[in-house]
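Listed below are the structures to be examined.
Look for chain A in each of the two complexes below; its partner is chain B in the first and chain C in the second.
Right, the complex of A and B next:
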């Protein structure tokens, strides 16, 4: 049985940053890139299931959609316990939205036929929380979002999951497999990869696929396959403050001026 | 896979060999410590090719406080405003770096950072004093390195907010504070009451003021006359008395136990605490009084012994960490029922061996970690901790100054990168075992390997270039 874990290489911004010339994203010079934190929990969940099963009964396959640079993310996942890695590369990837990404993930899922697809609940950079649910919709599989506990015996037809709701409520559900679950932070404690595992991961091959290899047409990937488009990313103008100085009478006069300005 | 079977490469034997290895590996984080190091002067061009190879590296290194000063100076010649801004905010930037930045007509954010930088030379700060920009002036006033002369220049145009900053500035002299006092601005008047250079006539009025907030501010002033201090020690307001106790230099001011706990807490911390008062405070009902007392480095031994048997664990913990805690008391604390108390004595080098042996078997995480830091811990105990499931316990071995290489070796392969970065700099680890981590996946570990080898091969750092400050003053940017 396989567990497919789609992972994302996310950007974390420096304290201060500049935007790209086209104004649609942050200049990558101001970003550090790493494995999405939510995906670390999803990966750990998958590895824990594998470790609880007999040797060789479960294969954890990690997948990312991105350029060569994203291999680092996959190698990190391999070092943490994944067995195999796949990267789908697309020249037009920069303009892909969540749905366009989900199409590629769904195609890989159709090919791999996993018992579970475990996604992070959201990405820490854009936070749409849509990719996992889009994958489930495209596959027509059951889905549960923001899972905070998972009980699943590999090979069984159902999994029991819990979700945290408003007001401290917990919802417990039984879901048929194969299913897509998006995993919440805190469900476990992701491990650090040992140096030995990192070295072994560096020696492993990463399967590279083009969208066409998955049967995706040009119109289904990248910007052409996206249902939304980033028009602008910007820092909103901050509210102004003014230090009112002078004698109490001067300060009162200035305050009155401001009130009149605001009232128009 | 066969590479892992090959013997690890030997470490470079000298600086020349190290530089060759750095050039071959071309890893920016490994190379960074070598820039500007003694013996590596001829390699700057080679190192620059590696260190400046990507824009991201320039931005990252410009912000890191451990970037070598000489490389920060090199980065100051970069054209990107974001790099210059980060350099100006970097606490490690030298006077030379800041002067270079200032000469480049920097944007406002950078000028503000330069004005607030503690390493900014006086001539540069003097140039900035003429800035019309209020934010630059405020940064200057918050910079403890701003000289008295510059403060005087800022006085004339000082707003009430700036006047208050002037009044609390450590370089403000009596003349400046007198001039400020003549302006009769309440905020500045209140600020200068804590200043050692506060005009005596100002202090004289303040300590007799009817407002306890005013009396409280001046009560902590070390320039307060003896008569005034005596009066404030008997003030009806507990806050005033507590402040006066903190400022009182002599034991004679501390002869009596106060009714207010906040005053007694201040007394418990006083370095000239009379024995009789210390004994009384040792029986105080307020736990914080006893805790502060247990931390007082001049506490008589008899009282300290009493605190070792206190009913509150936090007091016993403080007593167990006291530098003069007697060995037999440490033995008692090592078997305390509270793990936090045991953890307080476990790292002490003066802990008697039998007590340390007993603590080596303790399974509490805090105690386990503390034993790992004890320089007298046995090899078996260190090895057990080096492979402990808890990351902090494993790190304790790396932080143990006497940990032998055999105990450090497992931590060198620790999954947690910080543990490897600390271990690789341990002096008991041979270079031959540290050098393979030059290929570590984590930049901080590779930097630590580079720093280790550079410091061993170039033990004396290159001093920053001398700056002819006076000569350079007229060359400052017109914007300054």
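Right, the complex of A and C next:
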């Protein structure tokens, strides 16, 4: 039985940053990249299920969509207990949205036939919380979002999950497998990798696939396969202040100008 | 304008030059005279420790107090000395190293009066009147007549000439901390009725004349400074700032180029070098700020200034012209450069623990610093506070424990380029410091943790292979053996014992050696608030530092009725850190009952049997085996408590280390080249020493046996070579 954990290499911004020339994203030179924190919890959930099962009964497969820079992210996941890693390299990735990404994930899921797909509830950089749900929709599988507890015995037909609701309420659901679950922070304590695990992860091969290998056509990936398009990323203008200088007469003149400006 | 430009302009004021006599101070960062244990006899230590600060951007750097004559011999404490050509040669090392960085070198010429016991020279100090020192035991001075006064003033002048020849730019006449010039000025010491006593003008005469003579001798080449306690904090019996203090500044202003002003005396000089337990940054400004009203010259003062905002404010408000610093310059010799470069988060902020000072007070061991493990190690170990040798191998290193030793070790290893995994079961870096810093008055001690936490976070970004794993389960021996690290550093700390084991009996206290009682607490229990505490608290203490006084304060302030029964002098080490006087005042104010010379024979539920440790007979007789040589102690009495707190001893948490050691035969097969232990896990020690352990191991990890320190370069007299030019070294007798 397999558990598929799609992971994302997310960006965090430096103190100061610049936007890309086309104004549709941050210049990657000003970003730090790391494994999405939500995905760490999803991965730990998968690894805990594996560890609760007999040796060899569960295989945890991690997957990411991205260029070979993203191998670091996969190796981190391997070091934390994943057994195998797949990267789908999409040359047209830059304009992909959640749905375009989900198409690739769904294709891998069809190929791997996992009992569970465990996604992070959202990505820490964009926070759409749509990829996991899109994967479920494309596969036509049951799905539960923002899971805070999971009871699942590998190979069984159902999993019991809990979600935290408003007012401290907890919703408990039984869901048929295979299913797609998106995992909330705090469901467990993700482990740190030991030096041995890191060394072993670095020695492992990462399977690299092109969209075509998965039977995806050009129109289904990247910008062409996206249902949305980023028009602009920008920092909204903040309130301004101005030190008015000069002689009293000059200052008064400038003050009048500002009043007229504000009044429109 | 970028962020960096803003930073620079904001603190520009601190980098403006200022003229002092014939010299120009390049900025407003000034290392005032402070002791380090080098003196004139360890010239390498002296030159390296002072010049590292010149490299770090300080505008001027001084010696410690520097004796002008064998009549001012402070042995057992270590001063510098400028008695002869040998001293000139040795101190020249310091001035020439400082000058390489464009900084000024200063010397604080000192004559102690009765406060200097002259235990090496066997001379007798002279003073304004004959008095017994309130600071040193059993020393009286000889009351000077006019010949003596001229003679001693001559000592100052000769010393000033030698200081000039040694290359000093700033020459002090040291009159703070109750030393000779102030003894003349203060009615507390000066009982004379001649022209050097009585009226203010007469009491000021010795100091003024001495300054005039020094200025005449060297004033065209060197700046003349004086360090002046403008208020001795004992009311009108001493100096009060708005009376004799300002009058003296006005009177002496023409012959002084630089005023270095503070408050207090020598017996309680913690009022000047205020520990953070009692005093915040700038705590002397209420007195210091008057001086600029009376002086046209450059005025500087200390106050453990570490924050550039505060420094700018003090100068802009006209309170001081120059920021004096001793402790902040020890904790971070690169403080000025970091401010100039806008690297404020890289500053190792002084925590105000005064452990640096403790070494002088103890009587001479080299100074140490809790924050800066390289302080005092510049010359003898070749440690630079900001530079680290490149790693000597590709070994990966697991550090277990992120307390003072572990976090420092991991930091330095990462600085050296090693791949390091730092693991701690606590949620936060800091270990024992996190407990200690939560005690009353010790909040600033958390800067020790903050510095390491910030640096480690940066180092993680620099090399993504580094890892800090906090809040997980404690690593077992198997976890460590299987971790995959080439080398393992165990820094698992220590704990306070719960069975009453102590330094007096070296055994548990009967009644505590079995199962733990709910109403018997360790310091950790009190600090973490994990157990209820009753109204009547007895603290049983055998620890000579701050823990028992701190817990007594915490509990008394929380409304408990506190008795401290102590078998050792309560807070003995706090004499050395200058915290003792105000600690005792505070215990008194809080109605804490201190039972000294007291130890415990047994504990039962809700009561403890105490006895006077001197309660057995003073006569000693041999009466056979199994019998005590003294008559029985009959002072035992029961004391009731609701809660008993045991501050009796700490014990290393060394289970992991010993477990790993026991399986040393497996290391090779698991790729482990070595397992080392540092800090409290090796043996409980000062935070400063635990931090040192971490730095030391990180710098020596490639050595064949890094568990044991490499020998350091010693500075000692060399037989076969005379100290004095033209002197001799052979054994020679008179007659």
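One rule holds for everything that comes next: the second predicted complex is superposed on the first by the 239 of 264 C-alpha atoms of A that agree within 3 Å, B and C clash if a C-alpha of one lies under 4 Å from a C-alpha of the other, contacts with A are read in each partner's own complex, and residues count from 1 in each chain.
The rule is simple: a residue touches a chain if its C-beta (ideal position, glycine included) is under 8 Å from a C-beta of that chain, and two chains touch if they have at least 3 such contacts.
Nothing here was measured: the structure is a model prediction, and the numbers come from that model.
A.B. asks: After the chain A overlay, clash or fit between chain B and chain C?
C.D. replies: Clash - chain B and chain C, as placed by superposing on chain A, overlap.
A.B. asks: As a test of reading the superposition: which chain, chain B or chain C, is in touch with more residues of chain A?
C.D. replies: Touching more of chain A: B.
A.B. asks: Have a look at where A:126 lands relative to chain B and chain C in the superposition and call it first, second, both or neither.
C.D. replies: neither
A.B. asks: Considering only touches as defined above, state whether A:16 meets chain B (first), chain C (second), both or neither.
C.D. replies: both
A.B. asks: I'd like to know which partner A:196 touches here: chain B for first, chain C for second, both or neither.
C.D. replies: A:196 contacts both chain B and chain C.
A.B. asks: Just one of 96-104, 114-122 or 258-266 in chain B hits chain C in the overlay; which is it?
C.D. replies: 114-122
A.B. asks: Taking the stated contact definition, name every residue in chain A that is touched by chain B in one complex and by chain C in the other, in rising order.
C.D. replies: 16, 191-196, 198-199
A.B. asks: Which bits of chain C are touching chain A when the two form their complex?
C.D. replies: Of all residues in chain C, those touching chain A are 3, 396, 398, 419, 421, 423, 461, 464-465, 467, 469, 471-472, 479, 482-485.
A.B. asks: Would you mind writing out the residues of chain B in touch with chain A in their complex?
C.D. replies: Within the complex, chain B touches chain A at residues 1, 4, 55-56, 59, 63, 82, 85, 159-161, 391, 413, 415-417, 420, 440-441.
A.B. asks: Help me check something: in the complex, which residues belonging to chain A touch chain C?
C.D. replies: Touching chain C: residues 15-16, 32, 72, 189, 191-199 of chain A.
A.B. asks: Using the touch definition from the top, list the residues of chain A that touch chain B in their complex.
C.D. replies: Contacts found on chain A: 14, 16, 18, 28-30, 191-196, 198-199, 203, 243, 245-246.
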